[in-house]
Amino acid sequence: MNEHLMLTIALPLLGAFLLPIIMRSSLAMGVWIGPAILGYGCWILGNLWLHGNGQPFSIAIGGFAPPIGINLYVDAMALLFAFATQLLGLIFWPFRLDQDTPKRQALMLLLVASSTGLALSGDLFNLYVFYELVAVSTFGLIAASSSGAAYVATIRYLILSGIGSVLTLFGIALIYAQTGTLNLAHLAQLAPDQLNNDLGLAAFLAILIGIGVKAELFPVNTWVPEVYATAASRLSAFLAGLVSKLAMLVILRLLLLIFHQPEATQVILILGILGVISGEFAAWRAKDMRRMLAFSSIGQLGVIFIAVALPDERGVLAVLALSLHHMLIKSGLFMLADHWGGSLDRLRGLAATSPLAGGLFVLFALSLVGMPPLPGFWAKFTLITELAGQTDPLYMIGLLVFLLATVIEASYLFRVAAKMYQTKPTENVRINAPDSGGLSLTTASLFGAGLIAVTVMVSPLGEALQAVAAQAQDVDLYIQTVLQQPLGERQ
Amino acid sequence: MILTPLDELLLFSGATLLVALILGRGLAAGWMVTILYGGQLLTLIKMAALGYSDTIIHASINFEIMGQSLSWRFDALSWFFALITVASALLSSWFSCGEWERSFKQHGGNIWLYHSAMALNVFTMLILLASGDLLSLFIGWELVSWAGFLLMAMAGGVATRAAMRYITYAMAGGMAVFGGIALVYVAAGSLQYEAILTAVDQMSTTQLWMLVVMFGSGFGIKMGLLPFHLWQAPAYAETPGPGSAFLGAISSRMGLFAILLVLVKLFGIVNIDSLKIPFTLIDARDLLAWIAVFTIILPTFTAMKQNDARHLLAWHGIGQGGYMLLGVVVADAMGGAGGLLHVFNHATYQAALFMAVTAVIHRTGTSDLNKLGGLVVRMPLSFVVLLVGIIGLAGLPPMNGFVSKWLVYRSLLNEGMPLLFLAAVIGTLGTILSVYKLIHNIFLGQLRIEHEQVKEAPWSMMVPMLILAAIIFITGLFPGIPLAWVASVQEVIGLPVTDYTLGGVESVSGSLDMIWVIGVLFAGFGIGAVIFYSAGRSKRVHQLDNYAGGHFLSADVRYQYSDNFYAGLMHLIGGWYRGSFLWLEKSVTSLVDFISLVMQGLYRRANAEFYLLSTALFVIAWVVI
Amino acid sequence: MAPMELILELTLMPLIAFLVGMMMVLMMRRIAAKIQRRVGPPLLQPLYDIVKLHSKRTQISHGLIHDIGIIMAMGGYIAAETLLPVPGMNGIAEKGGIITLLYLMMIPSLGLALGVGQCANPNGSIGIARALTAMLAYDIPLVIVIFGVAYAAGTTNLVDIIAQQQAGGFAAWGAVEMPLLAIAGLIAMHASLGKQPFEIYIAPAEIATGPMVEMSGKYLGGLFVMQCFQLYTTSVLYVSLFLGGGTTWFDFLLKSFLVLAIPVSIAYLFPRYRTEDLLRLMWKWPVMLGLIGVAFVL
Amino acid sequence: MSSINQIPVIEAKRGNPLSKVFDELVRFCRSRSLFILHYCTGCGAIELPPAMTSRFDMERLGIQPMVSPRQADILLITGYVSIKTLKRVILTYEQMGSPKYVIGICSCTVNGGMYWQSYATAKKLDEYMPVDLYIAGCMPRPEAVIAGLQQLMNRIQSGEANSWEDYFRNYDYYLGNQQKLFGDNWQTPTDIITEAKHYNLMGEGTFGEHTRLLEQHQKPLEALDMRLGHNLKEPTE
């Protein structure tokens, strides 16, 4: 099965190039190609998860063993995110048929392929390439939403992302200049000697800020509200839910494997705290649903950054739990918000016309603010117990900011919820609540069901995540897996 | 598997919730739910041994989640609070059956939501009360908060706004507790009570301070302690009728329960006493005591200015919470007993008062104190209930409120705390003033023309009210009944136990025997009645046959004094109502608003590249330097 | 104690209180007359008034609560008397204590307030509002005083407080040991009597005697009875707290009448304060004195 | 009817000597405790302060001023009574609790005095309410007032001063005179007829044409009795 893994990247990539051509000849066949590819990808990854022995493994590509060749590194964490990518790609598949369909679907396939690559890649440069691919496909997709505002937003995003790429490349160049290798395992081996200095730190920070653009890191996330507010909801959901997490994953990977400087974690922590503050406060005043969700997403990513800055295994666990939880919730919320554009006041009395949508919103909101026994609570519980255990006072500030942010979050989310459940309209305001589109509501319900399922199974899932975290934390295992037990032929 | 009584209780409670959810729209839903509450009460009575001894009943369910074990169990403390919870739920629910339900529906209320929210509240409260470790405590805590939100918000409009305010406060409190739990977890390595008990002794002063502040403020918000009290009155007052009776009776006492459990039982009053505030003479315990007395005084005097009966009562609910905390913080045998007994007593009279006011609203359609009057001739039984309730609330003999307040006063006297004592009495005096305004403006004075045809509240509402009134009187006459439970609660949470008798308290420095006091009082009334009725016959006259300086009164001119009732007093102290807490709340809100404006501005500016580059430069410069 | 004896005490104590109270009313009116250079009422004038009022042919009632209010006003004091020890008789003083007594003394006011409320006369309501305000004014110094005395004695049991003072002789009297509290108590006591200059809630020329405006016949008669009890209770309480109670009836009554004579003599020299002035006065001087006194006690 | 001497004195029928003593006692107490509502209608009121204060000191006779008619026994009419005032006087008189006594001070109350030509003045007070005692003079000195009061006290003690019963027993007569002056729709808030029924003070003259006229337009004056109302029907609209 392991050798099929390549296909999860290769097939969507191939599909992306072939799709426009096929579509031109047969639309009927074309529309099924994308979902089929992604479904197959899900199946492969699922199988791997179920039938694998739980041990990580590495796949060398192109016949060269690492550290010379490039490789895919597959541990539980990578597998999890790759699977989530394929699955969410399938769920958020752009079905809509118009003249842009081939373009959009091809870009979506490209996005999924590169995202999967981002999750699996074991090589710094490869990561960069996939990262760029993600960026390009995202621009395309946002622009394909083809509203005027979306174009403007895309331009801003494009510029920012471009500069970010340059910075990332700069960082990678620094590393390469220092160590002469870009293989992560090899770097992990060399890092304590060669990168544990100012240069390494500079490289890391450059990469952090570069990749941070996607991961909604504090000062470089200004594209977020506009893009999420103007792009198609399904795309926003995919970006907020998944792509940001993949960028985060990359940063986490680099931090765990290579950069052990305390300054690195400190920077992440500070930026995370600032992100939480800026995001949640900005969301408090947001006047429309999508922007509110976008700001909230910034805040949540800030929380995850705080978790990233935590040193040990429970920290990784917190990152994973928070990321997956946010992935679930934000996707669901963006799907709900599909038809909820415009002023928040339009939502007045919505629960009466669409009780399911109202109920789902409340459910997601409750989990987001960490109401036990919903999974959000357990994620947050992991985070705060870990934060409280640190001696550095900065972590204590992080803890306080996090608690404050949760209060603000509850305040603005439930202001909306209260509006929805308002039955007596005040004078001058007529109830003209938008209906929630059938498809997006169904999708949201899917996430809601998922959330409830997770609530029920929180205990086994928690243990599984703990194992994943332990594996991701283990640097020696990574090095050994990639360098000592190559699957390809050894030079 | 053999079910323990606690399992049965929780199952019963869950079943109540299910029935409310499934059948809540049906005709007899109210009655069914009420009967199920009765079942819960019976299960509680089955556990009555808890109220008289130091035993524990465990629930069969426990979980192991992410390395945390969660368990649930009942002891005397839980049982005492659960008894109050379930009994007030039973009576409130009974009150809502039948006619109130119908009129609620007619006015566009969602009766299904009401019953479900009530059942959910009771269920979550029982879960909270049963918590066997800090994590399950927190879970219960959050559940109770959100269930309360549901009940408060359901009336819509003003109520929703009040509920929003509540949930913001409650979230803040919840997060403080959450942070506190994290700190405890780090310090003790576990969230089990036993582990914490041993860890507390090794904690540094700073740690203990942080914990006291976080838990104290977190739980205090729910109790409506100053300065976190602003949410409570409007939230409770705007809850539909019997719901407000239930919430007013017990909801905010969950905060006290948690304080008792965490601050008193786990941390220990002695430890809290050792936390000195630098450069002052007071310690953390004094601080709590002073917070308690300010919680007594300020809300009570705010209540005096209210012109809406429900708001007036809700404000008093906050103030009465102060007595409970005060008693508990003084923490000698009498104080502890007084504070705990006041929880019980307060629940009885507050529920009765809210119900009586709801009955008045049900019949007249208003709770505006300036639009009522003279109803005693039309709703005499409601008047009696309200009278009994206000005597209890004001803490005068012969009702139960007197006993608990007496105990609190006595403890302050014994400990030699004159200022706290004085403050507590000022609170009582303020209460007397404002409850007289309540009963006068509703029931006394001139009956309005539009209320000529008003009828007494229906029996479905009357019976629970009368039961409550009877409880208020009987527990005033025999305070020993609840004091027995209180004594075992004191034992459980590690406070000294009072020496109680059926009629009151035995003490070297002055005892109290309510049976004698009330007996003599009623004998006095009897003699008074004999004197009174042995004199000539009297004749009732029309209310307009009244002295008006020679003026001829007519029904179309109001001859009633209700607005600005304590004009002379307000002339002096009116200027002292500065609304400082409101100002504080507003300024916090504006601060948040301002910050969020700045943050939004940050994101709205289009020069993202500038941020990126400047950050990059800054970071690199930082590294290089 | 034998039950018969107790029952005898419980009957005698209010009865004596009533009789002494009537004499106190007489003394008050006589003092007023003497100050105004009048002759004053005859010896049995209080009795004449009470009998006359109760023997009125037509009695105007405003409803059941009006009646009950009067009964409560009388009955509350009758009950309170049994908690107030007199020479040779303790009644049930040991079962209540001073705090209970203090609160029991609010029952008549509550009854009166209810009865007046039912009268549906705004003058009465204003009167009650003012009376409650006055209570808020004078009870604050009063409870400080009570606190000080009870704390100094280490008990709330009035019997013990009296016994302690008597055991120590004159030097152990509350007034000697705690002079500041005694002064504050005297002022508070004066205000609690509702006499000039603190009669804001009677104010005949302003609100037509406030609470009493609709009281006729036996209703007013009941209030006259209540006044007897009120004078008696107030002065005896003061004597018990500060002047060592009484060992014999003679010195007991002497002290009680003398104590009462002080505020009454002052009363007829002054006009009336406004409500807020009363509050200001009560919350300033007696409270200050009381707090200093308590500080000494502590 | 207007003459005091014509008022029949009803002897106490009770044979019990103890009750006789009791009645005696009550009458004595009534005579020794008189609360005056001095309704200051005219110039005569100026003579009351000296009567009350140190010079003459009414209190030594047990006479006290009172504020509200409910508390008072004696209604002092101290001077001329204009028609507008008379309405208030009657209202006040009816609100007083019986036994109650009316004393007319000054000539004006006897026959209008110097106002006898006035269109707006009630000339004879005893046409509108039974008067126990007139103290004539313009104005009478305090000595005269005190002397009058003492005479009243004697009459009370002997049981002669029961003019208040006359008001109940001959209500129709007084009401007729009142109606003549104030118009047919004259009504006071006090329900004299039910009061007379309640206290068994009905007489032959209680009812008559004037009371019938009153009943035609009378606003209901029944006391608001306490009721539960559970068995009441909804008012049909």
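Labels for the chains are A, B, C and D, by order of writing; each one numbers its residues from 1.
Quick note on the criterion: contacts are C-beta pairs under 8 Å (C-beta built on N, C-alpha and C of every residue); 3 or more make two chains touch, one makes a residue touch a chain.
Everything quoted here is computed from the prediction, not taken from an experiment.
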(request) Please state whether A-B or C-D has more C-beta contact pairs across its interface. (result) A-B
(request) With chain centres taken as the means of their Cα atoms, state the distance from subunit A to subunit D in Å. (result) 96
(message) Distance between subunit A and subunit B based on Cα centroids, please, to the nearest Å.
(response) 45
(request) Can you check how far apart subunit C and subunit D are, centre to centre, with Cα atoms defining each centre and the answer in Å? (result) 35
(request) Let me have the rounded angstrom distance from the C-alpha centre of subunit A over to the C-alpha centre of subunit C, please. (result) 79
(request) Send over the residues of subunit C in touch with two or more other chains. (result) 55-60, 62-64, 208, 213-214, 217
(request) Provide the list of subunit D residues touching at least two other chains, using ranges where the numbers run on. (result) 68, 70, 95, 195, 199, 223-224, 226
(request) Among the residues of subunit A, pick out those that touch two or more other chains and give their numbers. (result) none
(request) Using the contact rule from the top, write out all pairs of chains that touch. (result) A-B, B-C, B-D, C-D
(request) Show which residues of subunit B lie in contact with subunit C when the two form their complex. (result) 374, 376-377, 380, 383, 387, 391, 395-397, 402, 406, 409-410, 413, 416, 418, 421-422, 425-426, 429-430, 432-433, 436-437, 439-440, 443-447, 503, 508-513, 516-517, 520-529, 531-532, 535-541, 543, 545-549, 559-562, 565-569, 571-573
(request) Report the residues of subunit B in contact with subunit D in the complex, numbered from low to high. (result) 374, 376-378, 380-381, 447, 453-456, 458-459, 537, 539-547, 550-553
(request) Flag every residue of subunit C that touches subunit D in the complex, lowest number first. (result) 29, 33, 36-42, 44-45, 47-49, 51-53, 55-60, 62-64, 204-205, 208-209, 212-217, 220
(message) Give the list of subunit C residues in touch with subunit B in this complex.
(response) 10, 14, 54-65, 67, 70-80, 82-83, 92, 94-100, 103-104, 106-107, 110, 113-114, 117-123, 125-126, 128-130, 132-133, 135-136, 139-140, 143-144, 147-148, 150-151, 154-157, 160, 200, 208, 213-214, 217-219, 221-222, 225, 274-276, 279-280, 291, 294, 298
(request) Give every residue of subunit D touching subunit B within the complex, in rising order. (result) 68-70, 87-88, 91-92, 95, 188-191, 194-195, 198-199, 220-230, 232, 235
